[in-house]
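The structures considered in this document are given below.
In what comes next, subunit A is part of two complexes: it sits with subunit B in the first one and with subunit C in the second one.
Our next item is the complex of A and B:
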């Protein structure tokens, strides 16, 4: 029985990892279209990625959108998290906590559609700003969650301790609270960044001519050509994402701290 | 080393939910007062009012003759030892200790002098460069105490300081705190829910219940002569019964559930009688002339050197704590008492 489960868990693992490993293998294949098993060895498809302008622009667009939206999301998360953290007796605190993180559980497609409606109404047209605002709204619950968790772990006493020793509230916050949640900031920021980078639906709904995020550029490419360039790019994205996750794991613990 | 006075303090969060109801508290210089009560009685809120973290809706707080009601927390010069110790995790022991001194702009050499003195006093030598996470719970607590004391506060507040201490070490830590407090003669408010803790350390104990102080006096008086049912119950008077009427001829007789009890001193406003289980004894044959009730043992619970018996008597269920272990469940016995051990409570 024990060995049966061992085999089963190995198979499950293989199933789980194959979509991640496959593009890695295919990306080195000399064969002109996406096929398995791969044949030969070439770095041509990687070169292709760097030579294809839409990908480079897409990467740039995705990174800048992720950067700006994550930064603003974190900046907005801090005050809200702080209020929830300080005010134990806040009315309906549990409800507030849930509401702040609820968008995380919404199907992204629904959120994207609502944002398209809302953002277009509010900002007139689809623009880079609307794309950034949309991404910010998608990633904010993640940032909020991480920052609130690190504040809660810290507890309110150390801020009060600082005040009792003579610092005013703001000074206490800057001197003893902030330095102790800096891991939360880094972790929250990176989490937001990854979520934004990978948010396909929101980009799909809100992207426009000039700013096409990477996932959309990839979809567009696939509609024209079916060669291992996409596999090469996917392989690079896997490495990029795993690298970021490793950093998050090191700082706050992605698995335990975020979900 | 100043004198503290709270008068008519009211704290309520929302309508109907009153945390402190016209609380009055006066503490003398150098005195250690324990605020004792169950959770939610308002003891921690009282502490936070003194610290300046909670602003009362009404009332006045005086420290050393100065009205500090409107003074913000960081200007009150009050040392606090938190239940969680609240050491700054990113600072070493030395930086934690001298934090308040740096804020006050104390010159370097004096800072060193005061820091070293408190380190010696609390036996923290050699730990200066450690981080809080590298200390044991006991060491963390002493650092927290040292950090609060080194600023030479007017008042020291301690919030359940022993709740995270190993039960076996509690008594020792308590003695240590008391020693330091005596040495510095600092007015201290000590919040706890543990009666042994409060009675063991305080000069005076204030028993709190639902936002007011029910009784405040020396530990021995609180323990031996509680004035209200709540305090009596908290001090382990498990047998409390309402008085039915006072004997018409003999004033030392009260009637409880048609049972006559002889009491030592009668208060005409008395509403309840309280009997401490440890001051009752059980006998098969009562000594002639002694006061007694008859009853049947319904249950027994072993307490090490003593046994607690539960008896069915004319008064209702009665508990007796005695070192005499040779009674068994189901036996018909007599419960003996001395009239002066029966307390008459007014509320």
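Our next item is the complex of A and C:
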């Protein structure tokens, strides 16, 4: 019975991981199209990725958008998490907690469409700013969750102790609270970064001429052809994002980072 | 032209009451239900096994299940294209083993879409189930066994009720996710198997009909929220009923 479950679990794992491994397999193949078994060895497709301007620009655009939006999301989550964490007797605390994480339930595609409709079309704002704000709205609940969790884990006692020992409020916050939640910062920031970097529909709806994030460049490329260039790019992205997630794992652990 | 004018009700009715929309809506629902069923079938044994294994095995499986979550859904869908395509892994394996005369069409079907979505959302079913399984004590299962319950009876009467809360959380994430997913159905389902979110994009990008797009967005949101509310309610009833 035990071995039956073991085999079944390994099969499920194979099902989950095979789509991620496939690009790695195919990206070194000399064939022009996807075909099995992969033959030969070439780095041509990797060179293609670096020579294709849209991918390079897309990577730059995606990472700068992710950097700015995650940074602002964290900067905005900190004060709101701090209030929720300090004030035990806050009115409707439960409601506020869920309001801050509720946007996670909002389908990204609906949120993107609403932003397109009300910000881009009605107000006529089509710029990098709307793209960044859109990404920030998508990632903020994730950042809020991690920061709030690490503040709650810290507890209020240590801050109160330093205040009762004569430190003023601001000093206690800067020198006692912040250093103690720095792992939360790193983890929250990286989680936000990854969510933003991987977000497709928000970029699809809000991107415009000059700033085309990487996923959109990939979608556009896939509409033209299916050659292993995309596989090479995917392989690099897998290595990049899995590497980043290893850092998240080291700092906060997956479970608090993901849900 | 923009949809927040007073005649939105009639636009909504016109968008929703037509054959195309109804068929797309039914397909979206069907795909969601199939994916949720497949995920339950796979996640329960996995969570049961991982929940009662050694810490090393546990952390191995946890990490392995979490890794895909960090990878772009676009990349994961592309991986499925490599597996399911005409010249893909599955077709070339089956033809090489002479199980198939010639490649079959798997990509751009509902099945491909379901596989992609299953892989996309599986961790969200697994995580809450695993934590429910970890809270399930070995003594309870031993008690059931010593009282003469077989594995199936133990599952129905003990394991399932005790993990129901986690299961419902997973179920609602999967159903809501399938109703709103965009990239995976686009790349794996193809134009003929459109889902609600693809229809929404089509209204904006090709048909330039903002009223209909808003109506579609609203129906996606209503679907997601009503599924969530219904499942939360069912969970409360089930927990109280015991």
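What we mean here is this: the second predicted complex is superposed on the first by the 253 of 259 C-alpha atoms of A that agree within 3 Å, B and C clash if a C-alpha of one lies under 4 Å from a C-alpha of the other, contacts with A are read in each partner's own complex, and residues count from 1 in each chain.
Definition applied: contacts are C-beta pairs under 8 Å (C-beta built on N, C-alpha and C of every residue); 3 or more make two chains touch, one makes a residue touch a chain.
Not measured: the values here are computed from a predicted model.
J.: Have a look at subunit B and subunit C on subunit A after the superposition and call it: clash or fit.
T.: fit
J.: Just subunit B (first), just subunit C (second), both, or neither: which does A:12 touch?
T.: Once the two structures are laid over each other on A, A:12 reaches subunit C alone.
J.: Touch check for A:114: first (subunit B), second (subunit C), both, or neither?
T.: Second partner only, subunit C.
J.: A:180 contacts which: subunit B (first), subunit C (second), both, neither?
T.: So A:180 only meets subunit B here.
J.: Write the angle, vertex at the C-alpha centre of subunit A, between the C-alpha centres of subunit B and subunit C, to the nearest 10 degrees.
T.: 90
J.: Spot which of subunit B and subunit C makes contact with more residues of subunit A, would you?
T.: The partner making contact with more of subunit A's residues is C.
J.: Per the contact definition in the header, classify A:35: touching subunit B only (first), subunit C only (second), both, or neither.
T.: Only subunit C; A:35 stays clear of subunit B.
J.: Tell me the contact category for A:160 with respect to subunit B and subunit C: first, second, both or neither.
T.: first
J.: After the superposition, pull out the minimum Cα separation from subunit B to subunit C in whole angstrom, please.
T.: 23
J.: Would you mind writing out the residues of subunit A in touch with subunit C in their complex?
T.: 1, 5-6, 8-9, 12-13, 15-23, 25-26, 33-37, 105-110, 113-114, 116-117, 121-122, 194, 197-198, 200-201, 204-205, 215, 218-219, 222, 226, 230-231, 234, 237-238, 241-242, 244-245, 248-249, 254-255, 258-259
J.: Residue numbers of subunit C touching subunit A in their complex, please.
T.: 2-3, 42, 45-46, 48-50, 61-83, 85, 87-89, 92-93, 116, 118-119, 122-124, 127, 151, 176, 179-180, 182-183, 187, 197, 200-201, 204, 210, 213-214, 217, 220-221, 224-225, 228
J.: Please name which positions on subunit B make contact with subunit A in the complex.
T.: 13, 51, 53, 72-80, 82-90, 99-100, 103-104, 147-148, 151
J.: How about subunit A: which of its residues touch subunit B in the complex?
T.: These residues of subunit A touch subunit B: 89, 155, 157-158, 160-169, 172, 176, 179-180.
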